[in-house]
Amino acid sequence: ASPASAETEILVSAAASLTESFKEIGKSFAEKNPGVKVSFNFAATGPLLQQIAQGAPADVFASADQESMDKAEKGGFILPGSRINFAGNSLVLIAPVNMPVVTGLGDLKSGRVQKIAMGNPESVPVGRYTKAVLEKQGLWDTLAPKCVMGISVKQALEYVMRGEVEAGFVYATDAAVARDKVRVVAEIPTDKAIVYPVAVVAGSVNKEKAQAFIQYLRSPEAQTILAKYGFKKP
Amino acid sequence: MPDLTPLWLTLRIASFATAIAFVFAVGFAWLTARFSFWGRDFLDAILTLPLVMPPTVLGYYLIVVWGRNGWLGSWLNAHFGISLMFTWQGAVVAATVVSFPLLFKSARAAFEGVSTEYEQAARILGDTELQVFFRITLPLAVRGLLAGTMLAFARAMGDFGATLMVAGNIEGKTQTAAMAVFDAVQAGDYTLANTLVAIMSVVCVTILVMTNKLANRGRAGR
Amino acid sequence: MPDLTPLWLTLRIASFATAIAFVFAVGFAWLTARFSFWGRDFLDAILTLPLVMPPTVLGYYLIVVWGRNGWLGSWLNAHFGISLMFTWQGAVVAATVVSFPLLFKSARAAFEGVSTEYEQAARILGDTELQVFFRITLPLAVRGLLAGTMLAFARAMGDFGATLMVAGNIEGKTQTAAMAVFDAVQAGDYTLANTLVAIMSVVCVTILVMTNKLANRGRAGR
Amino acid sequence: MRLEIDIRKTLQSGDRRFELEAAFSSQDDLTVIFGASGSGKSLTIQAIAGLVTPEQGRIAVGGKTLFDFHQDINLPARKRGVGYLFQDYALFPHLTVRENIAYPLRKAWYLKLSLDDLQEVAEIMASFEIAHLAASYPAELSGGQKQRVALARAMIKKPSILLLDEPFSALDSMLRHRMRMELLEIRQRFDVPLVVITHDPADVEVFGDTLVIFANGRVEEVCGRKKLAAPENEDGWRTKVCWRAQWKKENLVAQNFAMASGI
Amino acid sequence: MRLEIDIRKTLQSGDRRFELEAAFSSQDDLTVIFGASGSGKSLTIQAIAGLVTPEQGRIAVGGKTLFDFHQDINLPARKRGVGYLFQDYALFPHLTVRENIAYPLRKAWYLKLSLDDLQEVAEIMASFEIAHLAASYPAELSGGQKQRVALARAMIKKPSILLLDEPFSALDSMLRHRMRMELLEIRQRFDVPLVVITHDPADVEVFGDTLVIFANGRVEEVCGRKKLAAPENEDGWRTKVCWRAQWKKENLVAQNFAMASGI
């Protein structure tokens, strides 16, 4: 922040899937809090965490999964006690609109389903959820060879949208964006609820403002915006 | 010791991609280096463009073209029943596209550095244009070509975004070393990441050093 | 018309990165091209390595080194109070690293293509080694250097992974064109993505064509 | 009639402009082109070889038309069947001496040379005294050695005409003498006409059945050996040279006079 | 005593091995090196210029030691202050004729030439008859034109010794004559000793105050003009040349004899 302007700036490192909703929330937050400017750094959760671990000057860290936040907490990168959950999501099975092959989880085993897109369980949160579900259903071992692991949930969505795969696992919010190209076959209940945590970064120099932003995420205004993009209440 | 399948796959993909890129790059480079035609600089710039695109974006366009429903891909699928998506051949296509500009530019500069006098001498000695090219131009441009080939090979080995998009990241089938490293870094498994990077580096350095040595051995005076 | 800030930023970053990479690449290229020393091929291979790493992984290593807690970064921070993380200068560092190998390899091949006879003639005419380099070697290697510079510039413009890691993706501050395109593709906004890609391509082609034209104008006979 | 040439060509370099208007014909097997530096000699034989395309005119060798602007004939260099010795040799730097000389014989790309061909290469290397250099690269040769290799390479395919651009300039006098005899022998054995550019009056003497004198891009004078011109105006050096070429060794006094003034 | 040289150097190319053992000294301002092709002439003057580093021995010019193996002296080429004319000219292809000639004058990189320097360049171009070529690039020159440009470039800095590797081979006889006179004049005006490699007996005549004859990498014979050796064994051509160089124009008969046998 430059000393010349009275404006303080907070930098929010947020998961890529929050891009549209957070941009909107940022605007409405700024309206409510004159003198505060919110900037965003959108990327996959993995890089965001690495950046924070290496001392990136972020003030707020909004992750798409609990595990990354756990790591951040364990590493001492976030302010203890500042962590809250602000949104929820759900896992859905989708298929291209013009491909009627898949009607439920059970169809995935069929020979007519050659490829299934999902996030990479090793690095993408949605992939971890998907893998857990499939393992619990006893489908993982059969389906794993068919699975195409995207580096991001968006990549999995892309494959489904372009009809390169017969089915895919993404978040409900992603499916909502591509409503005209993909069809939601089923919502898949997950063991652990899919909730997005947010926290103040330990190295932040604007801790109060950061805290204010986090609080704002729980406000009705912010929740309305999040709902608009398909997010659930935490 | 981590699983080395991705490494072999990477080497195979990179080799094929470099070979294909070589043929096209040398062809275009020769064309632009030896003939002056309208729009030559423009063609040159267009052929360099793949370098400017973020690989993932390039991958996206590759799917649009080569995907099962892409305009070239659907034709391939309809007439030959083949699809490049999620196959290592698809990875080759992606790696070829990303490494092509490197070879093309190097080759063009190399060809332009060959004195036309030698080519003229060869013509008088009875060579056709094709013979001139293979017996004189190509061998005399060998340093630049080699540098370009090594760049292209390294780039093809390291490509991640475009390859991933086209070939998917299917373990044991299309997962390349770059993807494995990426996964490890993403997953925060730095020990694995470092090991993989170390192995990749050693392999790559070995290949580069050996190529250099071979090239120097086979090189003529001057 | 989309916001063009990322484009200007990209051009600025790419220009700085290319300039820095040029200086180092030319230095190392000259060293490896003109002197024969133990481990030369090895050094050459090491300097090509950044190309083999997936950019994101490279970015990871970069922040390990340059981050505020990194071993070079912490020193910078302690002594000068500056940090490269999330600044456009950081993006320059990342783009420099990814584009360096392209310039280095091209420059080395170009220098090796310069006949040492001209250098000897210049020495007899009273030139110091430095003068020989600037007045003879460099101008005679101009084609290859130019090709390498254009490659490096294009690569720097298109870099995504490494730059993102070091500089972040902060709109109006460190978001480059490549990131904007990537974001647009991610958001499924293909119209925006295509527009951005089209603008980037036009800008890049214009720059490349103009560079080529300038170079040809300023070129000597032969 | 073995060589007919009548061409025009304009060369531009910045403001400087060079106009070549070369027209002469030679019925003899030995033609020497003589003239001041920069007068267009090299350009003319490059046009015969097909390295330079004239803007106008006609070139014919031994009745075969190589170039004719009006008939739209322009044989590519490889089909002209001429031998050419470049002024700076143009030896291929990536090939050894042996490979350079064998170059025109090896038409398929990777085929080994036949035994006959190898024999031929060995013979020509021996006769040019470069057999010991067979495995060296051009960069490792002395100036005269390069020139002999280039000569051997130009001659190995028995060309229908042999164009030589200052073939002996880098040779010592012993070798020069021997190479001249060698060339004359080859000329007779294979009946190949020679066109020689030279600055050496001794070459004019030996090779100059027809002497063509260039000045400023134009043919100033053509003297056939048969046309026994009287030495009328002795003040022009060209006349002296012509005259000298015609009278050869028979008139030593004249030769000495030419030598003394031409040092 | 202006030039002293006593060096050894071995060159290897594949199986072929060339051993240079050059030892001679010359008190005269004009030294001609004569000898068969590949006998080591070019290598020797390259060693004087500092382009080739001998394995052994000593080189001194005008009392200044340029190389001494035992004293561990090896001046870099740029400090030797010699002028050198390359056998294939080595004109810088990216510079025009004027820029090539002005090259040694322009020491700071981007500085303009001073008026004096420009004047000097213009003068030397005029005296070498290449003023009209000033803006051309080397690739646009004829063989002889290249050579004159190279000579002008080597001479503009008034070197302490001027080494010439077959300086006139590509020139026509008129020009050759004039260039010789030009060189001799320069030599006298600036008192710069010349070392000339040549195959032209006329050069031997004009420049050969000391004649050094090379054969197979060794100095076969050194004849000073003063040492009036009797022409004892006339069967060796070298003797003839030496002898001829000594007797010069004074003995036309001998000259003719040498000419006839040396054609």
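Should a chain be cited, it is by its letter among A, B, C, D and E, assigned in written order, with residues numbered from 1 in that chain.
Simple rule for what comes next: a residue touches a chain if its C-beta (ideal position, glycine included) is under 8 Å from a C-beta of that chain, and two chains touch if they have at least 3 such contacts.
Please read these numbers as outputs of a predicted model, since none were measured by experiment.
Asker: By the touch rule set out at the top, what is the minimum number of steps from chain B to chain E?
Answerer: Each step joins two touching chains, and the minimum needed here is 2.
Asker: Comparing centres built from CA atoms, which chain ends up most distant from chain B?
Answerer: The chain farthest from chain B, judged by C-alpha centres, is E.
Asker: On a CA-centroid basis, which chain has its centre farthest from chain C's?
Answerer: D
Asker: Where the CA atoms of chain B average out and where those of chain C average out, how many Å apart are those spots?
Answerer: 19
Asker: Hey, how far is the Cα centre of chain A from the one of chain D, in Å?
Answerer: That pair's centroid distance is 80 Å.
Asker: From the mean C-alpha coordinate of chain D to that of chain E, what's the distance rounded to whole Å?
Answerer: Chain centres of chain D and chain E, defined by C-alpha means, are spaced 27 Å apart.
Asker: Express in whole angstrom the distance between the two chain centres, defined as the mean CA positions of chain C and chain D.
Answerer: For chain C versus chain D, the centre distance works out to 51 Å.
Asker: Taking each residue of chain B in turn, which ones touch at least two of the other chains?
Answerer: Expected reply: 60, 182, 185, 221-222.
Asker: What are the residue numbers in chain E that touch two or more other chains?
Answerer: 13, 88, 136-137, 140
Asker: List, in ascending order, every residue of chain A touching at least 2 other chains.
Answerer: Those would be 47, 50, 158.
Asker: Which pairs of chains touch each other?
Answerer: Touching chain pairs, listed by label, come out as A-B, A-C, B-C, B-D, C-E, D-E.
Asker: Can you check the complex and tell me which residues of chain C touch chain A?
Answerer: 56, 59-60, 63-64, 67-70, 73, 77, 83, 85-86, 164-165, 168-173, 183, 185-188
Asker: Any idea which chain A residues touch chain B in the complex?
Answerer: Per the touch definition, chain A meets chain B at residues 44, 46-47, 49-50, 71, 115, 120, 122-124, 145, 147-151, 155, 158-159, 162-164.
Asker: Sort out for me which residues of chain E touch chain D in the complex.
Answerer: 11, 13-16, 34-39, 41-42, 87-88, 132-133, 135-137, 140-145, 148, 165-166, 169-177, 180, 199, 201-202, 205-206, 237, 241, 249, 252, 255-256, 259-260, 262-263
Asker: For the complex, give me every residue of chain C touching chain E.
Answerer: By the definition above, chain C touches chain E via 117-118, 120-128, 131, 134-136, 139-140, 142, 219-222.
Asker: Flag every residue of chain B that touches chain C in the complex, lowest number first.
Answerer: It is residues 41-42, 44-46, 48-49, 51-57, 60-61, 101-102, 105-106, 108-110, 112-113, 115, 143-144, 146-148, 150-151, 154-155, 157-161, 178-179, 181-182, 185, 193, 197, 200-201, 204-205, 208-209, 212-213, 222 of chain B that touch chain C.
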